[in-house]
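In what follows, chain A forms one complex with chain B and a second complex with chain C.
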Partner chain A sequence: MTATLTRPVALPEAPRRRRPRSRAAAWAAVAVIGFFGLAPIYWLVVTAFTPDDQAFSFPPALFPTEITFDHFTRLADNEQLFGYLVNSVVVSVVTAVLSVLVSAYMAYAFSKFRYRGRRSLMHLVLASQLFPQALLLVTLYAVFSATGLLGSYGALILSFTTFTLPLCVWMLKGIFDTVPSTLMEAAAIDGASRWRTLHTIALPLAAPGLVAAGLFAFVRAWNDFVFALTLTDPDRQTLPPGLVHTYLGEFQTAWPDLMAASFVVSLPVIAAFMFLQRYLVGGLTAGAVKG
Partner chain B sequence: MNTLNRRDAFRLAGLSALGAAVAACAPDAASGGGAPKGDAAAKTFGFTSWSLNEEAQKGAVQAIVDAYAAARQVKIETASFPYNEYLNQVTLKLRGGQVGGAIQLDISWLAALAAVGRLKDLGAQAAKGGYTDVALSSGTFGGKQLGLPWTTGSIGLVANTEILKKAGVEELPATVEEFEAALRAVAELGGGITPYAAATKAAQLKDILPWMRTFGSPLLDGETITVGDDASVAAVEWYKKLYDARLIAPDVDRFDARALFAQGKAAFYDDAIITRGVVAAQSPDKSLAEKMAPLARPVLKSGDTPQALLWGHVIVVVEGEGSDAAADFAAYATSDTATVAGFFEKVKLPPTTTAGLADPKVAGDAFTTAWTEKITKTATANPFWRYAGYAQIETAIAEQVQAVLVGRASAKDALAKAAETARPLQK
Partner chain C sequence: MTGRKLTDGQFAWLLMVPGLALFAAIIAYPLVSALVTGFFEQSLVRPGRSFVGLANYGDLLGGDFWPVLRNTLVFTLGATIAPFVIGYALALALNSGLPGWLRGLFLFPWVIPGVVVSFLWLWIFNANYGVLNGLLGTHVSWLGEPGTAMLAVIVTKTWASFPWMMVMLLAGLQTMPKELHEAASVDGAGAIRRFRSVTVPHMRAIAGIAFLLEFIWNFQHFDTIYVLTGGGPAGATKTFAVAVYDTAFKGFDLGHATALGGLWMLLLLVLMAFYLRKENA
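Here is the complex of A and B:
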């Protein structure tokens, strides 16, 4: 009698179908997160269009029964706010440009050159990010006061740039790490100087990262309140302190006007994100996996 | 003809951006870093005021500045910071020598700014200004007149007479017992009305201090904090009783109280004299202002002095160049009768001089007159204001009162702990 031994054959496992219950849980989680993310924006927009005497109705109405454009009209008539907007654009754009310029060179030096103390320097740059910024405010105030920079755009731009540099440097270093060194070597063999190699090969390849770093620096400068309030003269202040100054008073907060203004001033940032989204995603993830 | 290729154009753009960055970082001569310059009789000085940027008041304040500058042929350089950040900003800039001249202050901030040691004694201006005694007291610190009172009022109780009438309360309550009875009558109306929109959020629970005084606690005896004595414990236990009976509501601060009152959902709440304009602006009831009545804080027993917190603004002057002119401006803004009466007409902030209060524009305003007579007359400063860390002391007390309201501690234990926390802050 012969025995036939059958060996169990390992079949490839069919992809598990997600059970309806776990799918419902996932959707519920998305809904909850979405609610927390979008509810404040919804409330901002609704309040901006609600007449003053209904904005404080109790209990609050989820949908406005009446809509007004008065807050936007008042916003358009406010020349002072336009001045704050101009200051914000100047400070944020210059901060972004300066941050990208400086951090690109620093990151390239960290990524492509080998020298004593390189790793320590890199960690020192990152460690500077750990200081609470409020602690630095008084010191920066004293430094800018002594140098005569206090009150100028420069005080703000320099302080914002110092805050954005560590992260920008680390972000861009990761990106330069992914640029193959063989490309640089080939350029050198062809007679290109290091300067030219950096500008014609490395920087164009790192463009998505440069955009991401620039956007990060821009948003950091655009949103800051405390430094913009403290280090500049009233006529150089940016939008966050400007909005607070205009709408938050000793006795009263003009919430509908503030919401309308916040809605309008957030549009440039939203537009910038939408326009640069493809670069941003590439820039943030580039260098995440070394290949 | 030279043309730029794309690479050169990029280089040029990069250099331009760098140039712009460097230019932006350059010091600005006009911004004037460093200490103010000029001699003691300088005709240029600064005026720092949060009101210069607030919609409701900026026009009226700017008018005073412009009128004085034109009349005396001087130049006044104005600056402004948001109210909630004002003290920090002014203190920082005063320490750094970046602010001079006249400065508007809330009376509760006087000690904090006096601690910097650069404020001018304005006794000479005060002596000839015709200010009321209570107003002058709001600008006094360490035996010196460091501030000239610009507006003097108080934080007291406001009632919605229409709600009270519906509840059958014909007379405004004068004692704590009557007050509690009125609250219970309002509660029976239902309809989501909070009888007393008292502060119950920790951030605003300093409003309990006048009630502690009502029950007999001085809060501070010499340098000894008396919070935790029998009277203050009784006050907090009474407050807790109102809370448990839903006569006051959880999580209410001044902003919430105004909103409730404006919507006709509260019968009583605490606020400054400015309440009439603020509440009316956010109320759908256009006749609400006529239904509002100020009342003296109910007393424990008839004959007691009603308690209220003094409130107001002063103008201080920084020692140094331009301080003489700035002191003259401060006196003008606060005591020139036509100026203060005109200011009242625009912003409804009561003047601080006898002549100003007697001006028909002021005296003819029934609400202001009633408030001054019923509330401001017996109002007193918060005794903790004499310490630069008064806000932390108030917070220490407020947090413990909050613990009592939510049932985490007994009033006795909580207030003892508050006093213990507050003691090291008396400096």
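Here is the complex of A and C:
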């Protein structure tokens, strides 16, 4: 009894003594990594608002004395960029909807039924995200060329949808796993068909997960560079290759304009991720988001 | 409805038809087709092809393959180890009771689109007006010199992926029971000893998976390298992804591109076997 009594007395003291030092070390690590991690973001934003003459001075002014919105207004006036934006929106939205549809059915099959080949298929789906996309691209180009899809939105949408499936399927399987099977059994006893049970019970219950999966798919399509660069006609290209064509081809790059464009392109993705925060860890550990 | 007449298994397979069709069309068929094409002499733009057996592989192994393998390994190791170390340090720091909003702040580099990451660092590394040269008082062409280009590319990729490592490792740290550390510190273990004997063993599984996944992704990474250097200068940053892309879409040489892809796949399959074993364990 005395032994157990002395312990609680000694215990609070040890953490109290080490806390200030380890706290300081933690803050120091955060400060160093914070500079590496956040200074570039600061530089992106600052450059986007810095007048050209200051942005192209050397050494650059770390705290510009003047702020301008010129780069953003020039962006808004650029019809070509607006076209890329429309393409990005179309491709990303359709990809998101299609991904959710396809992956929800597949995830439901993985979650609620037991059948031969299920486990190996699940692993295959997971592994498929690890195949080199640059290699797939080479022969996909030929496939789309032969089917006449090359250059169209369809080529991009089908590719992006497929590449988001592993993550979306695993994410939604996790969500369907939390929907009690007794609900479905009850529906079956009441005479509902399997389709009806799926559509009126399981899918509505998984709605937040469906939104999250859709946003992941949206972001994947929005961010892609190499497929959009290769599989589409110039007038169907999305923003990432569009920005490369617009800004990096010239002799002198308009850096502040490019930073302003980068800022704008990042906004929808940042907004999506703020919404997705709580799905992040589960989604990440299930597989990949960005490859 | 018809749902009734099917068995559970048949219904499940029916649900998977759209997904499996997409996998077959967009991943499986192109992959198999690529592996077959590696044995032919074929152009991307002209129809027709002729069987050449192992000639494409012979050409590659006689030269181009080795520098590309070396570059890929250097890039992959650098761009995996650095974010791992930074992410681990950050996860440990954030797990010791720092405010939670910091975690969200650090996600920014990972969240912004890859091509924006490349633009941003192109600007930072710019030889004439870049802020890095501004801070150092130099005019180094970081991406234009064979000696520094790879390092610059690795730094960029590290910046883009350390937050992912942080999130993964933080998730692992948060599943560690606090009592373990308290017990160890009662027994007189210092911070370093506790990290070695409590944290590291607890984190082995998730750290292993995170490292391996990042390694596999970097092994096939394309965007950052392509936008920053295009594989140059003088091939100094030419990895498998860039080499396959260039051979196919700039050289129009489908045979050699897919043969190189075949060798690349072979190496990836070894890594994937590791991954699936770890994932199952």
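Criterion: the second predicted complex is superposed on the first by the 243 of 291 C-alpha atoms of A that agree within 3 Å, B and C clash if a C-alpha of one lies under 4 Å from a C-alpha of the other, contacts with A are read in each partner's own complex, and residues count from 1 in each chain.
What we mean here is this: a residue touches a chain if its C-beta (ideal position, glycine included) is under 8 Å from a C-beta of that chain, and two chains touch if they have at least 3 such contacts.
Note that this is a predicted model, so its numbers are computed, not measured.
Student: So in the superposed three-chain picture, is A:I67 touching just chain B, just chain C, both, or none of them (first/second/both/neither)?
Tutor: neither
Student: For A:V125, using the defined touch cut-off, is the partner it touches chain B, chain C, both, or neither? Pick first, second, both or neither.
Tutor: So A:V125 only meets chain C here.
Student: Looking at A:V143 after the superposition, I want to know if it touches chain B, chain C, both of them or none. Which is it: first, second, both, neither?
Tutor: second
Student: Does the superposition put A:G34 against chain B (first), chain C (second), both, or neither?
Tutor: second
Student: A:V244 in the overlay: touching chain B, chain C, both, or neither? Say first, second, both or neither.
Tutor: In the superposition, A:V244 contacts both chain B and chain C.
Student: Contact-wise, after the overlay, does A:F56 reach chain B, chain C, both or neither (first, second, both, neither)?
Tutor: In the superposition, A:F56 contacts both chain B and chain C.
Student: Count the residues of chain A touched by chain B and by chain C, then name the partner with the higher count.
Tutor: C
Student: Please indicate which partner A:R194 is in contact with in the superposed arrangement: first for chain B, second for chain C, both, or neither.
Tutor: second
Student: First (chain B), second (chain C), both or neither: which does A:R236 touch?
Tutor: first
Student: Have a look at where A:Y108 lands relative to chain B and chain C in the superposition and call it first, second, both or neither.
Tutor: second
Student: Starting from the residues of chain A touching chain B, keep only those that also touch chain C in the other complex, and list them.
Tutor: 55-59, 101, 138, 141-142, 158, 230, 241, 244, 247-248, 253
Student: Any idea which chain A residues touch chain C in the complex?
Tutor: 7, 10-11, 14-15, 18-19, 22-23, 25-27, 29-30, 33-34, 36-38, 40-41, 43-44, 47, 55-60, 62, 101-103, 105-106, 108-109, 112-116, 118, 121, 123, 125-128, 130-143, 158-159, 161-163, 165, 169, 193-196, 198, 222-223, 225-226, 230, 240-241, 243-244, 247-248, 253, 255, 258-259, 262, 265-266, 269-270, 273-274, 277, 280-281, 284-285, 288-291
Student: Under the touch definition given earlier, write down the residues of chain A that touch chain B in their complex.
Tutor: The touching residues are 52-59, 90, 94, 97-98, 101, 138, 141-142, 144-145, 147-154, 157-158, 229-230, 233-234, 236, 241, 244-254.
Student: Which bits of chain B are touching chain A when the two form their complex?
Tutor: Going through chain B, the ones touching chain A are 14, 17-18, 20-21, 24-28, 31-34, 50-51, 53-56, 79-85, 89, 92, 96-98, 106, 192, 255, 259-260, 262-263, 265, 272, 274, 278, 281-284.
Student: Mind pulling up the chain C residues that touch chain A in the complex?
Tutor: It comes out as residues 1-4, 6, 8-9, 11-13, 15-16, 18-20, 22-23, 25-27, 29-31, 33-34, 37, 44, 86, 89-90, 92-94, 96-98, 102, 104-116, 119-124, 126, 128-131, 133-135, 137, 159, 162-164, 167-168, 171, 182, 185-186, 191, 206, 213, 216-217, 219-223, 226-227, 240-242, 244-245, 248-249, 254, 257-258, 261, 264-265, 268, 271-272, 275-276, 279.
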